[in-house]
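The structures considered in this document are given below.
What follows is a pair of complexes built around chain A, which joins chain B in one and chain C in the other.
Up next, the complex of A and B:
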């Protein structure tokens, strides 16, 4: 069995990946879009039946359908055994994916910080609870506290409310002053301001506290109440669910495995969205959390650059600059406050996979030492959860990505390759 | 004020850490100098199989001696060291290998190592997940498994409790009488021990040590699936070959329920990146012996470097060029096992004690004799 060598492979079928696949395929290049879910759309468009961005989503999906891009769903990229060949696993099989150029659009994930009780059942990520409800778990009549930070909290709260949950409180750790400064950023993005106002309208009657964050989840067997702090005051709110996320962090693992340079936890890219590794491009959340609009522009620029259409790519630079400015304002507004570094107690679990407490990890000098000596981050999630927390809590540099990127079957790693590495493509020369 | 030590050990892998503890217990004033993480070198990459081996008489003496030292120490080891007396099963796939089983059995039992020949049925009962059709095996019940990095750390901490000093820094030059550190300081010491594993030639130029790369893969947790460390007997043939890349079926049950899958050997590969061809071959071999492994979830692959000498025996004692610079390196694929024995032999020589086993085969000076031959 030999596979064709694709001109362009796009990993990740969220907004960035869809836009990249569409624009690349429309130039006539052979394009494969791979996503690990049964349906495309990424975090925001997947299963979206009720989103203000629905119209945009629909138009991109239709454009993808009309384009000659091929789509591989339910396959997860887990390794690059030789340069220019990726391995992808599905529930049943494994495939080699040879390509000349690659666009990484692997999105982001929620950041969790450990605090006493955070591992109790029914304490989950904000996006996590939303996804669970979307997949059919009922929340009607349940009390929910939504806490943490970031622009995600509002849409999640609005969604849960629409599904019948009693949202008792939204607790945002960012300060009032930071949020006021942020509001001015809306001036350049009127449609975002309108969206925000729309959300607030859906949430009328729900208390929204700024400068407020969870310090403990209480309960036996599952969460019963959450203790929150605001100013110097602590208070308790009863709840059936605590939806708690501390903004997003970029999924940089695939890029790191390929040797792409990271800066400040995100994949570094040049003006053309190319990473430090020639012929490897990156777009969307992995280059820095920026939201769906930025993801769409970056995906397009990456595709145009990767298909040697620099002029067309350049036409989008201005739009990208606008969205980047907004993203930067967002990052500043929702930056985690110092007090959060004190969230975990010594005996709070930091690594849930391997049951490692915060105190044991904090005694170590580095992430690698903590891994070797406490097994922190060595479990099935390979530090995806505790790694981001540790970067913030202990200011460590999280390095070292090893294949497989995700848990895969032993036999999937054991496959014998039928294709060799990509012949060296001279940068930018090919048509 | 500058401190003067009796012994300065460079490298806090399992070998350096064990040597430091043994020195401290002999009331020597000892410093351990480590540039990175205690137990973070080859020690962090190893399987942690404590195993009696019979490739040569000298290899047997040191591994058996060390295996017994580990078994004596076991009650003192903290839980994190994950000591498990799993035993080893040497698996025979055909009649040739079965005759190797009988030889090995004679060799071991005549030297006081408990061992038991298993026929196909007994093997099936001992390890039900092995494929059908295997001929038999040798069970060596006194072999065991540990988690090497925490063992190294525990040894180093014990040494510190006995008065040893741990110095963080990179040694850049060894002299008879002192160690120069990269930050410009120097540690003065009557004896200096190079225990930097595969890095040893950087500090002692001319040492005949080559890097031998190995790959390992670890799975998610499958408690009860595997009970003993299993090694194919073909291992002996392939591990011997100095020239070619090789891999062999070698699997280990971890205390966590995870399964560690090995093992490969490669010369001339200097980069730590995973080599897909090698890993794929190694896993395919493992699945031949234990087909159910194929569907198990693999969590992570990694590599490490063994420090290999031409005769596959470690270097323990004064270096050929400078009597004040000693060596404790070259442990190839057995340094976890032989760390404790190495420490005993080293300190025996330093303080002039009688050793429990003959030390001559491990003296660095033996190498110069070999040169004359060759």
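Up next, the complex of A and C:
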């Protein structure tokens, strides 16, 4: 039996993907939204009963339910065997998904940097620990240090505290000067200023240090304490969990696999959110880390453009420009400081999948050579963790992606297609 | 009221709320080491979102299940540290 050819397929069910699916389906197009998690919402809305963006999240979810868009949960896109057909795998099965146009909303992930002890159990990402707590990990009474960089640290700390954790310290590597400059960006976004003040209020009494970063996690079998550096001084804080992330990086793998052009580690898009590949659009974090508000606007613009509603799409351009300006200020404020390039010691593991030390990788001339000689980045995460670290630490370019995008079962690779490639879609104009 | 379901972690019965991930069930038991790395180090979840593969455990005899993206189901048998 061959599958129907969808007018629009949206990959990724975070804010960008939900907004895109809603707006596209509301025009009458047939729309399929695919996400690899058991529930929709992406990194911010998933399981978020007590999130500050609750109202926005609920209204989009309801709009999605009312719309005729179909949703496929628990399926991960891993390949495009022919143009216009994607392959998706779940825990039990594999499906082919033929479509005319595609909107990539694969979101972002946390950037992790290696330092001695970072592989100890209970050292997690900042967003990582938050996600774990949202899915049922109890932290009441546990000591937590939140460290790294980015706008995520404060909401994560506030959330953990609300769940009963004892947040011992929030350590932000960005300097005080950078943060003050950033504060002026709030002037154009008063709503965000209010949110920030609200967060600070929830965190009253929690030490918050700027220009401070973790240099070592200590413990046997799991983390027991973290050593931090601020100025020339080092000090130790005991903790049950270290929640440590260095802001986010875009998930560009699917776009790269499809041949979309990347610039500065993000998917390049035109004004209509179309990538360099015709009929492939992209919205949200893959086009550059911008946060939930930007993701929502970009998702809508992509959907309207992909359903030939350029005028409606254009009405959102101004809003997008405003959120993009804010995102740019954010990137400047939380740029990683030089000292962090010295975080790993020679024997610190860089690749956690294959247990390859930083020293062995740093001896190589390129990512390709490191992969060949050390197996760095060749394990199941396929470089998603160590790749971003290497780009920063060694200033290497992490090139080309090969299918499958994720480790899949043998039978998934061997699937015989029942549909052919999508015939060239004409670019119809509106009205 | 969320429904309570029963699973086992390393042979020990555990009651969790429905919607709990396998990773959360393991941590609820006080276990931090989910798997052994290729050189034998203990490892646990890092990303919480399905990209790092550090949270792999055996679920119903199926090895290498990503526990952060798998929900507990009644009677599930979870084994860590393999």
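We take it that the second predicted complex is superposed on the first by the 425 of 431 C-alpha atoms of A that agree within 3 Å, B and C clash if a C-alpha of one lies under 4 Å from a C-alpha of the other, contacts with A are read in each partner's own complex, and residues count from 1 in each chain.
The rule we apply is simple: a residue touches a chain if its C-beta (ideal position, glycine included) is under 8 Å from a C-beta of that chain, and two chains touch if they have at least 3 such contacts.
Everything numeric in this text was worked out from a predicted model, so none of it was measured.
S.K.: More residues of chain A are touched by which chain, chain B or chain C?
M.R.: It is C that touches the greater number of chain A residues.
S.K.: Which partner does A:82 contact after superposing on A: first (chain B), second (chain C), both, neither?
M.R.: After superposition on chain A, A:82 lies in contact with chain B alone.
S.K.: Looking at A:135 after the superposition, I want to know if it touches chain B, chain C, both of them or none. Which is it: first, second, both, neither?
M.R.: A:135: touches chain C, not chain B.
S.K.: Is A:404 contacted by the first partner chain B, the second partner chain C, both or neither?
M.R.: A:404 contacts chain B only, not chain C.
S.K.: Return first, second, both or neither, reflecting whether A:109 touches chain B, chain C, both chains, or no partner chain.
M.R.: second
S.K.: Contact-wise, after the overlay, does A:379 reach chain B, chain C, both or neither (first, second, both, neither)?
M.R.: both
S.K.: Tell me the contact category for A:417 with respect to chain B and chain C: first, second, both or neither.
M.R.: first
S.K.: Where does A:121 make contact in the superposed view: on chain B (first), on chain C (second), on both, or on neither?
M.R.: In the superposition, A:121 touches chain C alone.
S.K.: Quick check for you: in the superposed arrangement, does A:43 touch first (chain B), second (chain C), both or neither?
M.R.: Touch partner of A:43: chain C, not chain B.
S.K.: Let me check the overlay on chain A: which residues of chain A are in contact with chain B and also with chain C?
M.R.: Dual-contact residues (chain A): 379-380.
S.K.: Using the touch definition up top, name the residues of chain B that touch chain A in the complex.
M.R.: By the definition above, chain B touches chain A via 37, 39-40, 44, 80, 149-150, 153, 217, 219-220, 261, 274, 276-277, 279-280, 283-284, 286-287, 293-302.
S.K.: Which part of chain A faces chain B closely enough to touch in the complex?
M.R.: 79, 81-82, 365-366, 368-369, 372-373, 378-380, 382, 402-404, 407-417
S.K.: For chain C, which residues are in contact with chain A within the complex?
M.R.: 16-17, 19-21, 23-25, 27-28, 32-34, 37-39, 41-54, 64, 68-71
S.K.: Provide the residue numbers of chain A that touch chain C in the complex, in ascending order.
M.R.: By the definition above, chain A touches chain C via 36-38, 43, 47, 91, 109-110, 112, 119-125, 127-132, 135-138, 221-222, 352-355, 379-381, 384-385.
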